[in-house]
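Chain lettering (A, B, C, D, E and F) follows the sequence in which the chains are written, and residue indices restart at 1 in each chain.
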Amino acid sequence: MIVSEIEVFLREDTGDFDVFHSSLPDEIIRARIIAKEGGILAGLEEVVRIFSHCGISSSHKCVDGDEIAGRDIIIDLEGSSRAILQNERVALNILGRMGGIATLTRACVDMVKHTGTRIACTRKTTPGFRRFEKKAVMLGGGDPHRFNLTDAIMIKDNHIRIYGMDGAYKVAKDVGFMKKIEIEVENAGDAVHAAELGADVIMFDNMDAGSITEAISVLDEKKLRDSVILESSGGISVDNLVEYAETGVDVISLGMITHSARWLDFSLNVR
Amino acid sequence: MIVSEIEVFLREDTGDFDVFHSSLPDEIIRARIIAKEGGILAGLEEVVRIFSHCGISSSHKCVDGDEIAGRDIIIDLEGSSRAILQNERVALNILGRMGGIATLTRACVDMVKHTGTRIACTRKTTPGFRRFEKKAVMLGGGDPHRFNLTDAIMIKDNHIRIYGMDGAYKVAKDVGFMKKIEIEVENAGDAVHAAELGADVIMFDNMDAGSITEAISVLDEKKLRDSVILESSGGISVDNLVEYAETGVDVISLGMITHSARWLDFSLNVR
Amino acid sequence: MIVSEIEVFLREDTGDFDVFHSSLPDEIIRARIIAKEGGILAGLEEVVRIFSHCGISSSHKCVDGDEIAGRDIIIDLEGSSRAILQNERVALNILGRMGGIATLTRACVDMVKHTGTRIACTRKTTPGFRRFEKKAVMLGGGDPHRFNLTDAIMIKDNHIRIYGMDGAYKVAKDVGFMKKIEIEVENAGDAVHAAELGADVIMFDNMDAGSITEAISVLDEKKLRDSVILESSGGISVDNLVEYAETGVDVISLGMITHSARWLDFSLNVR
Amino acid sequence: MIVSEIEVFLREDTGDFDVFHSSLPDEIIRARIIAKEGGILAGLEEVVRIFSHCGISSSHKCVDGDEIAGRDIIIDLEGSSRAILQNERVALNILGRMGGIATLTRACVDMVKHTGTRIACTRKTTPGFRRFEKKAVMLGGGDPHRFNLTDAIMIKDNHIRIYGMDGAYKVAKDVGFMKKIEIEVENAGDAVHAAELGADVIMFDNMDAGSITEAISVLDEKKLRDSVILESSGGISVDNLVEYAETGVDVISLGMITHSARWLDFSLNVR
Amino acid sequence: MIVSEIEVFLREDTGDFDVFHSSLPDEIIRARIIAKEGGILAGLEEVVRIFSHCGISSSHKCVDGDEIAGRDIIIDLEGSSRAILQNERVALNILGRMGGIATLTRACVDMVKHTGTRIACTRKTTPGFRRFEKKAVMLGGGDPHRFNLTDAIMIKDNHIRIYGMDGAYKVAKDVGFMKKIEIEVENAGDAVHAAELGADVIMFDNMDAGSITEAISVLDEKKLRDSVILESSGGISVDNLVEYAETGVDVISLGMITHSARWLDFSLNVR
Amino acid sequence: MIVSEIEVFLREDTGDFDVFHSSLPDEIIRARIIAKEGGILAGLEEVVRIFSHCGISSSHKCVDGDEIAGRDIIIDLEGSSRAILQNERVALNILGRMGGIATLTRACVDMVKHTGTRIACTRKTTPGFRRFEKKAVMLGGGDPHRFNLTDAIMIKDNHIRIYGMDGAYKVAKDVGFMKKIEIEVENAGDAVHAAELGADVIMFDNMDAGSITEAISVLDEKKLRDSVILESSGGISVDNLVEYAETGVDVISLGMITHSARWLDFSLNVR
């Protein structure tokens, strides 16, 4: 978390001229952030940076990724009353949003642990806050998948519609040997074709678990299974997650762990 | 939505060097964004700005705030295939996040319509994206509440613990006659004291509906009810929302409409 | 004053490549900023931040808001000769501009002290420097009025011309319960109408003192006086300020305290 | 005026979420900016850029640098009522501040026209707004002097106190052949020494007119007058400006034309 | 090339206040950029964007990646004389730097064409200008390699020294399935170990051609050759480039094509 | 080097989400940057700032401008293994690029030392990195020439073609007395005319040494030689540099010292 980022987040919440907090008589106080419910902690590193940037000292026993319970003390603060009151909300928002994602991710990870399948997130993140959301996924035990369009190449349905799978693959192959190439498919035949082209990853897009199982066995037969990573995405929820994981895919990517996670609840109490 | 904001959001998703899309042969294509489920539309104005910034022309029949159904066409696009494919995800993320908030807000607003109570959001928003989340609340029929610490003054439990209600109120009153002052209270006695001090708004913080009803009748007796706006906050969910609204408070503020709204689902299809 | 602001101000004065100061042999020196005339001190907090950002240590006995006299020592500095010489001008400009505003504000505040009327500034500020100018007004004892269009709502002559007072008021009322609404009026009749609509603040715009007195008595008769804050603005100078204050308005807002304040003079002397 | 500058200035005045103007029904309107007093016009180019950036079309007959009279129409606008109302204040602030400086500068320039002396400004400008203030000086007929520490080198009293005139000059001479070097002096002897060193410009700092006249005649005698530009600065006001100009200096630099200019008054009227 | 980037580059060359060009009488002129020597064209797309941003229209027949000869017309411009003169240098600097890199890259690519080896660049680029330098490499026919530390993972000598190859690989494998992992080795034994671990790419670091040939045959024997991409880097110049390419490596990465390319020469002539 | 600059450079190389380095177990390590070849050191001050910004402590014996030999230890580092590995490349790129320029500059400076001619650079620099490149020139003993269009005024062939030398000079003279004015000429006649106009500097543009010698003697005859600085530029390389210097010009400006300098080689070794 760099200085310019911290300043953007704080300024959003403080506004241009917070005369109230600036006019309060300044005192040295102690305060605590406390969890109001259980879950996976995420965002603590950021909160420490923010308070330190504002001259507030802190100490903590738990660390990001820990499983916490309601009433747990997350961080102890000591410093200017003005600064603590002025920056409280940003800190709580980071913990709440990141903790919510980490908690939901961990739950999904635990559900499929017996299968060895990885849980990954997508690029369905809040604009401007992706880095923190993907980090929360990792703290929950999930995989960040690609961060942006520069990282790795995905040939999706729209690319195939315009350029054809072969055409798009050829461009992808030419633009750099250091990027993995993933191809979205909707049936076994396309999966075989993608594997034969040389895709590093094949994504079964919106296919039901039965079709995926079948596609995998076709790939197996053709000795293509081991040369690709298989990912399943689309239409997967906590209700059918295990079923998908048991098809034998390597990765399940879930938009919901970022876009439908509810926040974890924390509060800051002056002592 | 200003140029520098658009560029920050696009750059987050594109990364520094999206060689794949830049190397695809450029064609003029048509594409559509389609709703995959029903809800309240929000973010369309932003999406139009983003595509226009990238040289893509668009047309649309529905507008922000409309109730939409699954399969509705949200916007028709025409322009460079590279640019549409490269900017698709940011557009969908904005529609998904803002639409989810607007939809949940509208549901809450509709539940309490018979009481005349306003539904408001809080400052529990994603860092860096607050403006869009508060706008979505408004499109859903909700009230944006204060945007940041500069807008209006809230004297909360932590302020009272350090400075006392009277001490904090005195500072608040001195720093500018153009700001409303809100005081958080936890019981009827404090509510009366806050009203007597001259608070513009009193927030019943984490009080149950019964205690609120009682506090209102005390204020009524003392002829203080009409000079203040009454807000209820804390511990309110869709399950007990109506009960709170029926206490006679003017406003109910809900963290959940921003922090626990799941996204609305949209997809972009090349035609 | 955040890091990015400090860097913008320093870079403006340093330019991209100040080879002269960078090439001077660096020595540890002591220097002082001294007032060259009397007035109200403002900007010292900013100056301390700037010098500290550049590694220069400082100490001072007076604080922002103090009445100072010519020859008073404002701040003692110790540190790199290069850094002190390179950053001197920005520090003096901040003290000069802010001190000038605080001094003029204090003079106006003192003139009307017997009436209890507040002196407020307007949004007539130098683009990019408003926050410091409004802070200087506060240090002079004035009121910052609204900071920007987000803070509070003013329905001005142009709004009324396009939308009518009622139309504009309805929109204003709908967009958020936390904002005060002010309406500009030019005669007693409009003042009554504005008060009946429910305006929090009524501004007598460019009305002479006699007409204001009359308008106030009409509001009084109609029992509307106590429910609104009355502000007078336009055409008010030091010559007629007292006359306006004695009409009984609560606030007088003056563009001149920001836009026509001349600077206070300071100099930095190496010892 | 670049896009990022425009956005910074507009955002300062709009705030993060101007719900009032955003919620007004949008209409195409016509409006005018009118001068409320006479003076020299400055800032029109910037105002045109700002309105154009916001999609508002404009036309104007006068140009920057023109002498205008009260009631003159400065610019005619046509476009969105929301956008005109939202951006009005920034436009007026630019015209007011820049026009005030240009007007005062022109008055000074006119006073000394018979002497051929140039009127220049200093670096005593509002942090963040220097470029516009120096441009206003030029529109008033004044000289911008150096813009920042990178432009040209001034060896001032503090430099001399630490490094000596010779020491500082040696460094200055070494750091680049494309920069002019100016030396501040306080008496004739130092002026001669500075000229002999090879200074391009000599500034008589806080010297009275008599001492300056004397110093010039010493330089004349020593055949050094023609190889340097002579500047006078410090303690010069409209009252003694002519006396200083008549000493024969080439340039008089005045802090007051930027730091003590009061604004020119303009208003925007919807038609 | 986004607006904020263009403005940063132009502002660097224009400075804060280019009074000379701003004061020149503005005329509509035509001008041309002409190549002063042969090479590979790169940067034209950027130059078109910059001139368009400044309101200058342009037309061109050649495109980025073309082989050009001395005296070739690169682009025809028409527009404001001020704007063309003011922005000329940035345009020429982009063409010169990018063209120089593209030209050197193409020469290297041509030298090894018979072997099928790819020529790649490294992260040895000018801070702040990497994107344009990597794009120039691509226009010259080279591979951009990874853009930054986020793109792909390289386990280099320093990583191995601290964490061991196995330790570092384990971390790399865990942090995301979408990233390729490259391991630097210095001998055949380590290459075998890296391949067995599962590295996607193995870099022969500062090994001579003979040792590389030998290492490849060891990999071949162990049936590991086909599962990895082999890259050679370090100590390779135009003199021994072909020798390295003929070892059978897939990629040769060369710091020199970015860090030691001299510029291509262009000039802008007003007609 | 300001905080926002450091963050831009580091972010370019780190990317948005460097999960690999962030996941490595953090250890306190010691490392060294070592020169791999001889030359002139430049960029050390920047490297110290960058590592300090990242919490890494450092010590060094050599300073910028020193002549270094291969195997010399440039800087010793101690701190977080993650931070050192993550920021290594930016540090090396700065040392490599700046050192290369300083080294080539020093070589040129040494070649002409007997003549007293200054070696200067031009504005042919990498966009966004000019300040560091010009600083490297100075560390090599060269002159930075003007930094940008604001610093000083050059009337070049294109200006003369459009406005005439006299026309352009008149504008230049009017826009500020603190700027030097340089005029490009192509023959002795124009040089005389430029000197008579009052140019501070005359640049012989693309003239051969013979023609320059002749032009200087014409200026001498007309007693104009001593009032101007004479600069030669265009077509000068290491092969004919001495010949040009011996014509008696004061300055030779060379694009090649920035645009054709190859990097100096450094490496960072963990101990």
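The definition used in the following text is that a residue touches a chain if its C-beta (ideal position, glycine included) is under 8 Å from a C-beta of that chain, and two chains touch if they have at least 3 such contacts.
Remember, predicted model here, so these are calculated numbers, not experimental data.
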**Report entry** chain E and chain B - chains in contact with each
**Finding:** A, C, D, F
Report task. Sort out for me whether A-E or A-C is joined by the greater number of C-beta contact pairs. Result -> A-E
**Report entry** Selected pair, out of B-E, A-E or A-B, that shares over half of its residue contact pairs with D-F
**Finding:** A-E
Query - Whole-Å gap separating chain B and chain D, where each centre is the average of the chain's CA atoms - result: 45
Query raised in the report: From the C-alpha centre of chain B to that of chain C, how far is it in Å?
Result: 32
Report summary line: chain B to chain F, mean C-alpha position gap in Å, rounds to 52
Query raised in the report: Which chain B residues sit where two or more other chains touch them?
Result: 3-4, 12, 15-17, 19, 130, 138, 144, 147-148, 150-151, 175-176, 179
**Report entry** Overall pattern in which the protein chains touch one another (line/ring/star/complete/other)
**Finding:** complete
Query raised in the report: Inside the complex, what are the residues of chain F that reach chain B?
Result: 12, 15-16
Report task. Would you pull the chain B residues touching chain A in the complex into a rising list? Result -> 8-9, 12-21, 23-25, 27, 29, 31, 81, 85-86, 88-90, 92-94, 96-97, 100, 123-130, 132, 147-151, 153, 158-159, 161-163, 168, 171-172, 174-176, 179, 255-256, 259-260, 262-263, 268-270
**Report entry** chain B-facing residues of chain D, complex
**Finding:** 3-4, 7, 10-11, 15-17, 19
Query - Partner chain C, residues of chain B touching it in the complex - result: 118, 120, 138, 143-147, 150-152, 175-180, 182, 201, 229, 250-251
Query raised in the report: Which chain F residues qualify as touching chain C in the complex?
Result: 2-4, 130-131, 134-135, 138, 144, 147-148, 150
